[in-house]
Amino acid sequence: MTGFLLRRLGGAALVLLALTALLYAIFYVAPGDVAQIACGPRCSPAQVAQVTEQLRLDDPVYVQYAHFLQGIVAGRDFSTGTGTEHCAMPCLGVSYQSDQQVTQLILAKLPVTGSLVIGAFAGWLLLGVGTGVLSAWRRGRLTERVLTWLTLAGSATPVFVIGLLLIIVFCSTLQWLPAPSYVPFTENPEQWAWGLLLPWTSLALIESAKYARLTRSAMLETLAEDHVRTFRAYGVGERAIIGRHALRGAVAPVIALSALDFGSMFGGAVLTESLFGIPGIGRELVHAVKVVDLPVVVGMVLVTGFFVVLANAVADLLYALADRRVVLS
Amino acid sequence: MRQPSVISRRVAASTAVLVLAAGVAACGPEDSKGAAGTSGAEGKPQKGGTLTVLNSNPQQDFDPARLYTSGGGNVPSLVFRTLTTRNREDGAEGAKVVPDLATDLGTPSKDATVWTYTLKDGLKYEDGTAITSADIKYGIERSFAAELSGGAPYLRDWLIGGADYQGPYKDKKGLDSIEVPDEKTIVFHLNKPEGEFPFLATQTQTTPVPQAKDTGTKYEEHPVSSGPYKVVTNENDGERIVLERNPHWSAETDEERKAYPDRIDVRSGLDSAVINQRLSASQGADAAAVTTDTNLGPAELAKVGSDKKLAARVGTGHFGYTNYIAFNPKVKPFDDPKVRQAISYAVDRTSIVNAAGGSSLAEPATTFLPERDSFGHTPYDHFPAGKTGDAAKAKELLKEAGHADGLTITLTHSNDKDFETSPEIATAIQAALKKAGITVKLQGLESNDYSDTIHSAKKEPGFFLAHWGADWPSGGPFLAPIFDGRQIVEDGANFNTGFLNDPAVNKEIDEINKITDLKAAAARWGALDEKIGEQALTVPLFHPVYKRLYGEDVKNIVISDWTGVLDVSQVAVK
Amino acid sequence: MSEALLVQEAGAAPAVAPASGARLFLRRLRAQRAASAAALVVLLLVLVALAAPLLTALAGQDPNAYHPDLVDSAAGGVPIGSFGGISGEHWLGVEPGTGRDLFARIVYGARVSLGVALVATVLQIALGLVIGLAAALGSRGVDQVLGRITDINVALPVMVIALALLAIVPESFPRPVLIALVIGGIGWSGTSKIVRAQALALKSLDFVAAARLSGRGKWSIARRELLPSLAAPVITYAALAFPTNIIVEAALSFLGVGIKPPTPSWGQMLTEADTWYQAAPTYLLIPAGLLFVTVLALTVLGEGVRTALDPRAASRLGVGTGTAKEGAA
Amino acid sequence: MTTRDPLVEVSGLTVDFGPVRAVDGLSFTLEAGGALGVVGESGSGKSASAYALLGLHRGTGARVGGSVRVAGTDVNTADDRELRALRGAGAAMVFQDPLSSLDPYYPVGDQIAEVYRVHRPVSRKAARARAVEVLDRVGIPDAARRSRLRPHEFSGGMRQRALIAMALACEPGLLIADEPTTALDVTVQAQILDLLHDLRHETGMGLLLVTHDVGVAAESVDEVLVMRHGKEVERGPVARVLGAPREPYTKELLAAVPRVETRRVVPVPPQRVAEDEAPLLEAVGLRREFGRGSGRVAAVDGVSLTVHAGRTLGIVGESGSGKTTLGRMLVRLLDPTAGRLRYGGREIGSLPEKELRSFRRDLQMVFQDPVASLNPRRSVGESVADPLRAAGESDEGRIRDRVGELLERVGLDPGRYERYPHEFSGGQRQRVGIARALAAGPKLIVCDEPVSALDVTTQAQVVELLSELQRELGIGLVFIAHDLAVVRQVSDEVAVMRRGVIVEQGSADAVYADPQDPYTRQLLAAVPALDPGLAAARRTARKELARA
């Protein structure tokens, strides 16, 4: 088990390394003069040259990349003008645009995106698995047909359409809810929850469709298996067969998919964050790309990529734990 | 904040609302002109309470050296006092410059190349120590450091030795052209006459910074206050800022800042739709809220317009700003004045104004200078296109220019959804020019690429959308960067997009700069604008109008023509 | 729907399934009522997209013509008249601000939405097939390298890469093609995973061994023995990925990195309509509704395709599952 | 069950799956404590009948008619609750595939306990204790510990024992066993049959055994019922039916059953092999390893053998003995890890794929699974034509003619060139596979379990076809199978494999008549006999062997 984890993490490190190198390469050829942007468009060429030097943008791209890697493993020092500031390892560099350490920027954004993801995650898991179980149990009946159509509709709706509709209905028309916004949990837990209610709901509604389908199909697949026939032949009731045997078959795939979704949501909730104006990682990332803030982009992609890769490994691990028939390799 | 464009930064800083000068269809019903404090909620403004500021852009730069703001900014001006500042009055009065830390607007030498300021008595920082002229000199010097870039270019361009100075971190000797003969006096030596130096002295770079407290790029986390409030919280790179009263600030030395609220709570990183929604709902703390960077969009305006109560809480303001078509005469066929004139005739300003948000948010423009007296606005319309364009006249000119069979050209614009250089405006021009037989292809660029391209002498396209805003309400910073031949930058950011290098124009600019009587200078700028306009190097399209909501409890609304935005130093919430 | 789920669903079909000709496939598809209805809707949409110039000519409208007289300029440009300015001339009303005809824009938008998604899907499938086959049939080393590349591909934040690429590629490059290339170029890993897994499963089957014994080479076997059997899962994957790609295109446009104005696309119309939901609700509801219907119809059709290609599901339909009696053991 | 009522009473039972009538008017009775074997080939309706006894068709869409009474319950009219009470408690069922018949996620003991608690109001703990008790009863060593393991941690035989334990848990009056040993090796099969035999005698429960294997029935039941096409063909005491069948079908069936006593029918003229004749294929010390690092195992561990033209080498062994790996190495579908392989005197064991091309068509293979061995998406004609095309033939007419000839030769209608595999029966598909092998013009064919997936009557036909072809074409055959009787029928020489090595090799008669290796003897003793008397004798022999 430990060996498996180590191997996976080693592979993950390689993947992330390649990913960051790729980003450096892409941004190297991207248009937009970073120094000019950092300095402001009314900077004189001489000032731009100074900024270029200060940001070390005159170094060849591989040297810049090497500095970046050095920061991750050993930390780096940055000049503040009056002195130096130490950026402790793992140092992801300092933003070209705001002089903030990327690590701190990300740490500040993580709770925001984390709040969004965790709530939505709980929502879609409950809703999705619940719907899946219900439609597997009521298979062949009206309930299942209705649920199947609802699920299809859910998977056919872009999150920004659902989100917009929810805002229109609950904020504008009915005025039951305040406009969605982010208030830190530590500041006011109640407002935190109210502010995130619609984003959670939108994400949960969309994502739960997947889980409903997955749960239902995994359960139906199990129900068609021989061992279910065994328990039927021994007089075990339908409720126990659904709740104990069929559901058990859905646990592994649901857990695995949850881990994947949970991981990818940290960088993948861009749309939701944009739509609801939640200042999380995704929105910050889009902004950083637009202003060619390479350290922020690379740092955030690294972190979100890390979540994805980690989620992949965790998904495999959980799958294996949940499904003891699988041998880790 | 460091944004990709100066202009958009300016827009962000400028917000406002106001009551407006005649001729403008103001949406809000506030009464104009009266003494400050008549608009907004009922009752006399009182001290106390917390003012909430809901913004979309975090105050990422809170260092006076890095700020590029007109008149010292809005929230920053609560913390930073400057040598001079803008007059905190409604409308045209507000476009005047008044003393702040200094006793007067400065004493110029005869040719306006040397400016001397004397500080008021009793000026103190938030820690109670005295503000000295050396601190102001240091504050200006550090704005030359590459680490703290971001400010306007004037100090560098005007001060003797400014072009080569690299700031106090690299060059400990300092800048010789700023003298501090004693603790109260500061003298600036300029390399050419500049009658508008008092305007420049409003910028945050003239804020005093005690050298002992300077922490370089970290200074913005807690800049030392010279104004009525000090920073008590600055989280997430300016996303949340809380200001509280600075006990060492004395109202007696500051006639401009009213500082009614006890506390200012700035929350940014919010979506503009959320801001407007919260302001219109005006519930809880939001009743005492304003925004300093979020306008009402066309759709929101449409909604607000149908609600009388809400409409009463909309402030309208004007900021010196022009959106225009720019030509590069080095590129064919725009080298031919007849082609440029033909296009000037063909534009449909009604469609363009609609695309920019409708007549409440944009006013059609035929002059390059904004329609405010302080700019010396002189009305003219050299190529009258009427409301929707004069296609016949345009065709005639094209025929004369040898393009009887029509013309195919490319219009470069940005992809930003800013209602300024955005695709909708470009498409409106495309549609109008089609009637004159001109086929327009659109080239939309991402914002960085766009600003890179149009401000590069080498890459500049022939036909593109541009905009310009005033660094202060005068013709100088409006015309000189665009039309002064000596400001053409071959290998950096160039704003003289028409590459105009007319000795007569250059000479007139120099002449006006010598005038220290700002009113007299304004008239000369207006005349110069009219004259340059004949060359059809630009086609002025429209001047934007700002509309902003504020909360129910907000009183004493002041919106000057300088910033066009509600002044947070004047509002009260009690 | 997430890629993981797509992989799971499309890959669920057994490697060895009875041959089914196109005619049988169509019969099985027709046997499903919902899928038939969905196919009709899709067909209608495709026709509308193809006949866009004809339809707009019929309506007497141009998607890019401004009508300043149809909007209330002082009120932010809200369309004059009820329901967003719906009239005999403007069947679906006009766009706020510009007064452009919405019917014409919707119809032209269909071209973009469907076209981009189609090209992207084809590209995804083609890339996935090549990479998946190479991984399954190549040496161990090739498989591992391609596996790592697939991992990187999975960890790539789609939006960021799209943003970066859209910024780099010269303006002269046709934007819809570029978007299709970006979506297709990033989204191939699902197909490649299915293809690899299925090809590996097929490779171990006796008929492949028999082909080897006939003296055939590796690639000849891949073409003659594997490709025909890969068709079912790949077509299923494509059918389910197609609606997803429509959503992705709309999402990119929604974030402002998609199709550029004045070319209309549904996602981009939604972005602009975003703020107008109170003042001009039809402007939002029409593209949102169409997007929903399109994606739903395509999803239902995709499900139908899956069922028609899945012999187990097909047997439930009772169409064309007759097998010789003796072999039924 | 103290009444005189029979344990099972079935009359006029019909089961319809859609338009197909699987069981057509079946009637029989089984007295308490009796044992009935239901024998038939695939599709005869024997399993469908067994399922009907527990009402397992309910809710599946199948229509059941007639009447079924089991242990006093009228199965077809009982409500769900009554039916559940019958299932497991009144009558319990043991299924064919013990791995898939248990829930893979729960420990075996828990599963038995779950079933027990459905019928007995006891605590969880008591149920678990009962599970351990019955596991112990069916001969699972260290039952308390093993009850906490999941099914995949059990061997095949232990899993089947666990299933039987589950059946025993509630002490049912009737045990229904549906092909309980089909998935098992012959030696394990013998153990399970012995267990069933012992249990029946100890507990006095009735047994209904469904099987395709006449031998298995002969070992275990008192009475036998032969089924075909859903109908009863013949019923009677096992000794009578198997010893003196009355119905032609029963006779045909019995005739087709390969018997380990039956020698190869040597064709005329008998093939003579000169001692000095060079072998067609010779393997020396062949070895093949799988896995890497510590998980490395040798599937074939140093095997040497020779194959001569016109003669058949039979390779017999249980699952996991390495016989399939060996077969694949012989035709170079697998690369040997070590050892030499000479074909026609030339070393081909280490030839790279490219140089191997010219030998490929000489060495062909016929595969076990008639489903997987033909590409389902290509017509059978195309599959058969494949070796011809690969050989460079491009004239469509000639290809068609040749494929037609080959199809005809293996007994198929040449007009079915364009048909797809799923339109053929298993035996027909196997014929197509043979035609494809012949199309290459081979010198040697390795047949890997070519008949194990087929019914006995079909089996006999395919075996016959192979013999004919060998006679006609003089090719060398390697015949790999787990079924000792089939191997004896076709082989000149026989090699017995176990755990990757050949434990005994020699002429077929010598090995079968006088086995030297104890494993060979064990194998032969495990073969079910058709004669109940002989079966009893073998059972005793097995017990002695086990004791030894």
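Each chain gets a letter, A, B, C and D, in the order it is written, and its residues are counted from 1.
Everything that follows uses one rule, which is that contacts are C-beta pairs under 8 Å (C-beta built on N, C-alpha and C of every residue); 3 or more make two chains touch, one makes a residue touch a chain.
A quick note: this is a predicted structure, and the numbers were derived from the prediction, not measured.
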Margin query: With centres defined from CA atoms, tell me which chain sits nearest the overall protein centre.
Written below: A
Next item on the list: Could you quickly compare C-D and A-D and let me know which has more C-beta contacts?
Entry: C-D
Checklist line | Averaged-CA centre spacing for the pair chain D and chain C, given as whole angstrom | finding: 47
Note to self: Please tell me the distance, in whole Å, between the geometric centres of chain B and chain D computed from their C-alpha atoms.
What the structure shows: 88
Checklist line | Where chain A and chain D are represented by their mean Cα positions, the distance between them in whole Å | finding: 51
Notebook entry, point to check: Distance from the CA centroid of chain A to that of chain B, rounded to the nearest Å?
Noted result: 39
Item checked: Two or more partner chains touched - positions in chain D -> none
Notebook entry, point to check: For chain C, which residues are shared contacts with two or more other chains?
Noted result: 167, 274, 277-278
Next item on the list: Enumerate the residues of chain B that touch no fewer than two other chains.
Entry: 273, 446, 448-449
Check: Mapping chain-to-chain touches, which pattern fits: line, ring, star, complete or other?
Finding: other
Notebook entry, point to check: Which positions of chain C touch chain B when the two form their complex?
Noted result: 64-66, 68, 71-78, 96-99, 166-167, 171, 256, 260-262, 271-272, 274-280
Item checked: chain A - residues contacting chain C, complex -> 11-12, 14-16, 18-19, 22-23, 26-27, 29-32, 152-153, 155-158, 160-161, 164-165, 167-168, 172, 209-210, 213-214, 217, 253, 257, 260-261, 267-268, 270-271, 274-275, 282, 285-286, 289-290, 297, 301, 304-305, 308-309, 312
Check: Which residues of chain C touch chain A in their complex?
Finding: 1-2, 4-5, 8-9, 12, 148, 151-152, 154-161, 163-165, 167-168, 243, 247, 250-251, 254-255, 270, 274, 277-278, 281, 284, 288, 291-292, 295-296, 298-300, 303
Check: Can you list the residues on chain D that touch chain A in the complex?
Finding: 54, 56, 83-89, 92-93, 95, 97, 100-106, 111, 114-115, 118-119, 150, 152, 163, 166
Check: Mind pulling up the chain C residues that touch chain D in the complex?
Finding: 16-19, 205-207, 209-216, 220, 224-225, 228-229, 231, 318, 323-329
